[in-house]
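Two complexes, one shared chain (chain A), two partners (chain B, chain C).
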Partner chain A sequence: MNAKGAVLPVGEGFAPAVIEWLKEALNREIFEAVLIPVETPAEDSYAYLLIQNPAILDRASPLPPVMPVQGGKAIGRLTMRGTLNKRVAAVVRPCEARAAIELTKLKQAHLTNLFLITLDCAGVLPLSDYLEDPATAGARFAEAVTQGDRSPMRPSCQICHRFSLASAPGVDLHIGTLGIDEGSAVIVPGSLKGERILEQMGVSEDDERARPVAEMLERWTTQVAEVTEAQIERRRQAHAELQEAVAGADRLLETFSTCINCHNCQRACPVCYCRQCYFESTALKLPPDNYLARATAKGALRFAPDTLLFHLGRASHMALSCVSCGACEDACPMDIPVGQVFSLLADRAQEALGYVAGRNVDDPLPLVAYEMEELHGVEQPYVEIYREQEVQDA
Partner chain B sequence: MSEEQEFVPRIIYFMCSWCGSGGAETAAAHHLRYPENVVPSRVNCTGALPPVHILRTLIEGADGVVISGCHPGDCHYEDGNFRARRRVALVKNLLDTLGLEPERVWFRYVAHGEGRRFVDTAAAFNDHIKRLGPNPLKTRSDT
Partner chain C sequence: MPEGATSSAFTPERLRTNQGAEETVRQLLRSLLQSGQVEAVLALGKTGTEERGVAYSLFTEPDAFAMDGDALPLLPFMPANGGGLLSRLTLGGALARPVAAVIRPCELRAFIELMKLNQGGLDNVVLISSTCAGVYPLGTAVNGNLDERVSSYWEGMEHGELDEAVRPTCRACESFIPEGADITVALFGEEDLDRQCTLYLNTERGAALAQRLEGTTVTGNSERAAIERSKGERDAFRQKLFAGVDVGMTGLIHTFGRCIGCHGCKTVCPICYCQLCHFDSHDCEREPGYYEGELRRKGGLRVPPDTVFFQLGRMAHMALSCVGCGMCSDVCPADIPVSTIFSKVAASAQATFDYEPGRDLAEEIPLRTFKEEEFAQVAT
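And now, the complex of A and B:
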């Protein structure tokens, strides 16, 4: 096998094949538990289940039409207090895997014994759209995925350019479907852990019904690169338009004017890593005279106060770790485009500091690492223009 | 009196407790003056100044923020000023993306002995902000 990867035969659809594969891995104790989205019994949403009984896997859905809980957050909750002592496979979307990797670097999750399995993602529907009628929305989602149409998806998904393995090449296993005929998929290892799993599973290198794996991998890689390029262009355009719409004090405050200070965006955010949020701490709960003084200075003070500070401050905390998943926007009851604004801020900030959130566990966090010679543009040069004044003073 | 003369900016000068405020001490020892509307505020290390505080200062009434720490290689904590440089770069980048005038934030090294440089920085920044005009966020009640 020169090109790394294996064929996943897809008989009766993609999801059942993935589930069958996971089931076999569970039965053979290659994994001892699986964390995967499962449709709720009421059939109106999806939730991550930590599954140990293979029978429950039947109801699982590797690519659900919505993302009510970001998988990175689920992994964070599972492993925040310590490492796993059993092998757990987490089947998540690429942005969720990147969030998990980012959380690991922020010491809010542990990847030991956790196997990240990602899939080619076409996006998810906005939660509000889905909840209007879950049954038809599910069908609409499936249709859009087969067409490769991102227009019904969330705004963040529409401009997502990190939907495949290349965005986080270190995930353990990735299941690729783009550019490959229906009836098969490829499983690509991203890490040594993943390679070992594939060897143990002994997935066929060649499937009789499918092309040889090397050819399939090549077609997949080409197609992913093609879509990525188109998405990058889409993202660039969308961000340019968005920046036009929000830049400047007036337009920015207009954007956030409907904010009700519920902080849902912060709670839904997978990489909001502080265990105690600064914006909910007593640091911003001040004695009345403080507010009166501010009202005097400004003429009036909006209550609850610190709305803009919350959003900007949150950006300063997590823009460098933002994986542009759009969970914040899904959680916003007022339809503020927080996810889009944050992905814009994140893209620019990460570019400035040469970092891509969640790409690699070994990349140091940008606010922890530094170079001696960098960013000289922010240092204000000292021009001795005030010399004459000094002479006069003396 | 023209409007330009009337505008007295409110400026917060964050300085680290080793070099930045040392520079202020040296300036005091030499009886050097700096504009009275520049309010010094000491932080233990510029690397320990959270970006949120810079944003909060700008939203809650300051027209500009200057940050001064030790020269590269002189940090009391070895690398605090390098970390500060990244944080300031982050804040400036956020402000720039949102069109909120990143030039209202200055970052300049001032050593303990550089009283003149401290006073010059305060004066030069004061003039710079006077030219820029008032910070639009400080008068907005809906922040």
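And now, the complex of A and C:
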């Protein structure tokens, strides 16, 4: 068994091949259930379904054209209160896996017995674009994916540089398609759990045309690296332009001037896990005198107040764990570029602390973890002051 | 006598000014602030420097109501239901000094329902409302099309006709004459709104506040015919709108299938006042074993769960007080006609109890009141 990867033969198309593989894994009881997007009954959207019955799995879509619910959020709902008893495979996009990893660090998800399976992702369409006409949008999406064209995708997807395994080496299995022609895909393990699954599944090491898996892995790795580099450049440019447009209090106020305080962004965010957001709590429900004094001081007080404060507060609470998925922007009824602004803030914050959200479940969350030497800034440890004296006394 | 109360001697009056509606309203509000008769005015206004941002603000500066000021008191747009905002303003205690609020009939009804639910109070709140030709969906402002719509809006207003681009729920609204306002600005079906404006001074306080306005007292209601005709048209549209949604179980599963679970409908609903919604609470967070049990039973289940259950639960909680403002539909990122579905169910729930939300503050919400004879069915 080559631990570096295996071939997934793609005969009838990519999605059916992935589903067949999942069914076989269910059949062999490697997994007992699968969490995966499935088209809704009205065929106008997709929802995460936890599936045991293989017949339902036939309707699944491993890479649907939209992301109505962030998969990390679905994993959180499933495991927030503890560890699964059944072995469940979650088939999600890389940013969804990264959100699940952040939630795990925040103790809002439990990954034991959960197998994270990710796929090379070309992005998703903005929900509003898709809902205008789901049937044609689906075809447009498929075409764009084939062309490697990210322009119709969510703005966050257009500048995503963490669309493949390299961004979350902690996932259990990743299915790679980039750089490999349509006849095949590679399944790459990211963990010991993943390696064991591949061994149990006994997937072939060369494809139908007898190309060795090593060659395909090589092509995939090269292509992923190339696209990543191009995407990093796109992201850098987009963020530079965005910074021009939004930096500073005045421009931020302008950016959020159309906000109606619905807090959909916070609700759609996979990382914002608070049962009750501080900004909706009684802490900010004040006596009328307070509002009127603020209105008098300024001549006018936007009401309800604290609109920008909500966004800045949310950013300071979650920027280190922001996975730049764009779910917030999709949920905004006012088309505010909230996902782009947050991705800019998040990149800067994470860079400053040498942290990448969702990269690895073992990376400690900067503001939650303390290191011994950091305490020096506050006080000199006891041992350093008294050790010498203690030794002498002894 | 306490402010806001109507003395038995007071007869409602009608005042006609020789200025357009926009000028009249702005002049009234400006003079109220200048004279110190009110401490602040809650009204729509510009936010930011571009024209796109519109929000409610508490204005204390009279100049905001100059013709080119930041306030936009009659803009046909509803970024938040003003009834909910009045609740937020007065929930923490009574206002020490009068504050005037310029809100639409459905916002006023929402505030009345909220007061019945102990979520606010009327002390020192001066209510200024108008006959209403609807508001444009939030998306109209996003596209930057609001300004170009507004001129045809006012033309339609004079003829007692609704612009087809206003919220569907507004086109289906038959409660467009405000109840319980101190001052009602007569707009719908009124002629020459750019040259004259009629104010209904419904309360003694309303009449006192309008004293500085120059005008003549008038009688008769010339707009009555237009209002009656529009009611018929709106009712027909309402029936059509209701016919388009299936509120049976299959219909709800299909329609809410694309719900993303953001609960934005609940957040912007003026009636949904719970600090923490049951469906966001600990009660609805489940152990993994719950999902695994459901899985055994059904073979597959949606995660997060309870998508339709949330809608039904919210409906059961607030349908009797639903004022049909349409905020829920407007905020929905999945474009679900939430308001149409809720209005349809609310209409039959309210008819069952012969209850109209927001009609009268003195009228109790049916499920919150018990009559002595009802106990006879339980025990003697």
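Observations on the model:
Please note the rule applied: the second predicted complex is superposed on the first by the 364 of 394 C-alpha atoms of A that agree within 3 Å, B and C clash if a C-alpha of one lies under 4 Å from a C-alpha of the other, contacts with A are read in each partner's own complex, and residues count from 1 in each chain.
FYI, contacts are C-beta pairs under 8 Å (C-beta built on N, C-alpha and C of every residue); 3 or more make two chains touch, one makes a residue touch a chain.
What you see is a predicted model; the values in this text were computed from it and never measured.
Contacts of A:E12 after superposition on the shared chain: neither chain B nor chain C is touched. When the two structures are aligned on the shared chain, A:V246 is found in touch with chain B, with no touch to chain C. Look at A:L367: by the touch rule set out above, it reaches chain B but stays clear of chain C.
Between chain B and chain C, the partner in contact with more residues of chain A is C. In the superposition on chain A, A:Y291 makes contact with chain C only, while chain B stays out of contact range. In the overlay built on the shared chain, the residue A:A33 is in contact with chain C alone; chain B does not reach it. With both structures placed on the common chain, the touch criterion links A:D330 to chain C but leaves chain B unconnected. Chain A uses residues 253, 257, 295, 299-302, 307 to touch chain B in one structure and chain C in the other. Considering their complex, residues 39-40, 42, 45, 47-50, 52-61, 64, 70, 79-80, 85, 88-97, 99, 138-139, 141-142, 253-255, 257-258, 260-264, 267-268, 275-276, 280-282, 285-289, 291-292, 295-296, 299-305, 307, 330-335 of chain C touch chain A. Those residues of chain A that touch chain C in the complex are listed here as 33, 35, 38, 40-42, 44-45, 47-53, 55-56, 68-69, 73-74, 77-86, 110, 127-128, 131, 253-254, 257-258, 260-264, 267-268, 275-276, 280-282, 285-292, 295-296, 299-304, 307, 330-335. By the touch criterion stated above, chain B contacts chain A in their complex at residues 32-33, 50-52, 55-56, 59-61, 72, 79, 82-83, 85-94, 96-100, 106-109, 116-117, 119-121, 123-124, 136-143.
Every residue of chain A that touches chain B in the complex is listed here, in rising order: 243, 246-253, 257, 278, 294-295, 297-302, 305-309, 312-313, 315-317, 319-320, 344-345, 348-349, 352-353, 366-368, 370-372, 374-375, 377-380, 382-386, 389-390, 393.
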